[in-house]
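Worksheet: one structure, shown below.
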């Protein structure tokens, strides 16, 4: 029983992290069709900001958490301003390759300016403890991850449904030109979407730093690949799809960890991708995606 | 109110609008007629700034807005109800109306305006919390016009409000347009349906193949053959 | 619309020409495009010191990879970020099949399915390895050709990770993280040059073929192409398999000239470099692929010499690891923003030349 609960918590915590990152990708994709490969480097900027602040004498974990989120949001907005705005109205492939280029640049800047080797960051280690509920021992980090991801998603849903800017983001995902006809500034809508996307990445970064206790140049890259896969299986551009896809991926991974013999553990990622790609054979548009008719998307 | 001088719109090698000049006076309802492909929608898109004109000047209330961004033109008091309605199908009726008032800060006034349109179009009131995509074509058109009016514009551009609607609904929509004119709103109406457009028009422009072919009072066009000739370009 | 038609039609296709003349034109065009490659190869072969021969060999491998990448990306306009999976499969394929038994005893004594006691001659090994690449490409292509552009790109990445993870973890067969050594070194510059030319001509023939034209048309305007009865899925699958085979061939050649391979060679580093080459050169044309490889190979070698720490005016600069990566990324970002068509734009080298000739005539 203990074991089952533990694995369930594992799956939920993994899934929550993937969902947060995948939602960040989906928010940006849904309104401007950008496949943001540089999302992982937003997580990287966030993590290295915490590393630098700690190296410069920051000791408060709370400030570190706030810094991580703010740095990520800011990085996302700056990436948009500098790299993505010139290709805003370009075809999807152009934006995708631009983002891929940004990802390479930033990853290598971490190497060049800081170090190719992982750097230790211990400021958030306090988040990672064991909590005891009667006979159960659970990781505080996993519980927090689940709770925080839940609250974050709730806040996002409220924002998108209640605030004018949130409504504009939802409207822009279908018909950007008409949103501008309402007098709503396109740049503001897009900057907000990027800031949200970045903040979600920053929250994920907090948990990553706390769990790993170190930062490295490729910190966010593989996580974002997983988040992309989560988006694809959920239905690319669909926000509920991204959240559901992230959870599904978490469960598949933990399921494989449980099912695979120890010596095949290295195949976990490969097998979870195989499972997901197989699912795509039967549902090419993803689980919650709609089959978009060609020409549906207005410019 | 609005003055357009020597406007040209090009898409690559294709000229959609050539050297077009027109004016809309305070409180006027101007009809811009012409066949499919005459350049009417390109004109509207140039006025709202969704396409960048190749040449020409657009002056709104004495301010040259030729280079302004779409958002700033809307904030300057010009609004457009685009062809094909373009309601936000994934948002509710209420949310559509709220977005229409996005540039306003007076919450109370917005509330009053919403109540006014709901009273005017009871069906919008019935469907208030439903996705706007579930409305019928005519209902969507009513929503689209109401949404445009939520910004309290000085000048409303209406692009093909009758497009794809049943005759009975078209009459209803135009009655509403007449009522807006009576309330003092300035309107530029783009239409293919000349008969309806001419019901309330103060003046008429006719375009074909990107150029202006007629400019004058509706009586000058009353003869349908004359209009037909203009359409064909004869 | 007229704009996109103009894009699709090469000047050669603009007039009505006999099919066999079109074929000849593509063939000649491909040969013209490969001329610079041949010239550079011959220069290196006859004049350059050994170190540069090695560099040239590596550049030729990149060339074949980039041409392979162009076959899919240039015609379907879908980004492929997983092509190194096929390069790796080709390389590991011949490694497992052709490495001498004595070496295998040291490196993979526990290889399953009798591979530990199997040794094929290099040519047969290459054929079998390419067959394996073709099978993996056919299976993955079945999925990828069904998906929309973005999803297809993500799945291509997933494929890369799956294949890489198999190399890393199936240690009995692939030696995992360690270098796989002892592969017969049977390929030198001449072979590399010949096969580069073959591949360039092949890519050009595909691009100018009915299938290539239809695929490019469907990438430009999916609805119009579908209305003409073009089966875009089948065409994407064809391009995917051809692209994979060319990349696989690059892997085979790499293994046969280097003699030693390891999984990390066929991972993101290679993806970055080859993608930047294709984008810089211009992915719409085979000429673009060739141009990008030549320009970036030279440029990167220069940057690497700075990266490893140079002495300028008596001052020893520190190592600047990551500099070449930054440069690659910047190349991609700037190209996309300011010149999405790359250096070559829409026209092949022979088409540019004939335009020049016509203008001056």
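When the chains are written out, they are named A, B and C in that same order, and each has its own residue count from 1.
Keep in mind that, in the parts below, a contact is a pair of C-beta atoms (placed from the backbone, for glycine too) under 8 Å apart; a residue touches a chain by one contact, two chains touch by 3 or more.
If you're wondering where the values come from, they're calculated on a predicted model, not measured in any experiment.
The chain with its Cα centre farthest from the Cα centre of chain C is B. The central chain here, found by comparing per-chain C-alpha centres with the mean of all protein C-alpha atoms, is A. Mean C-alpha positions place chain A and chain C at a centre distance of 31 Å. For the pair chain A and chain B, the distance between C-alpha centroids works out to 42 Å. Distance between chain B and chain C, defined via averaged C-alpha coordinates, is recorded as 53 Å. Of all the residues in chain C, the ones that touch chain A in their complex are 77-79, 81, 142-143, 146-151, 153-155, 157-159, 161-162, 165-166, 168-169, 222-223, 226, 268, 272, 275-276, 279, 320-326, 328-333, 336-338, 340. Listed in rising order, the residues of chain B touching chain A in the complex are 48, 50, 69-71, 74-75, 79-80, 82, 86, 88-91, 95, 98-100, 102-103, 147-148, 151.
Those residues of chain A that touch chain B in the complex are listed here as 164, 167-168, 170-171, 173-175, 177-186, 298. Interface of chain A with chain C (complex): residues 29, 35, 83, 86-87, 90-98, 100-112, 116, 217, 221, 225, 228-229, 231-232, 236, 264, 266-267, 269-270, 273-274, 276-277, 280-281, 284-286, 292, 294-295.
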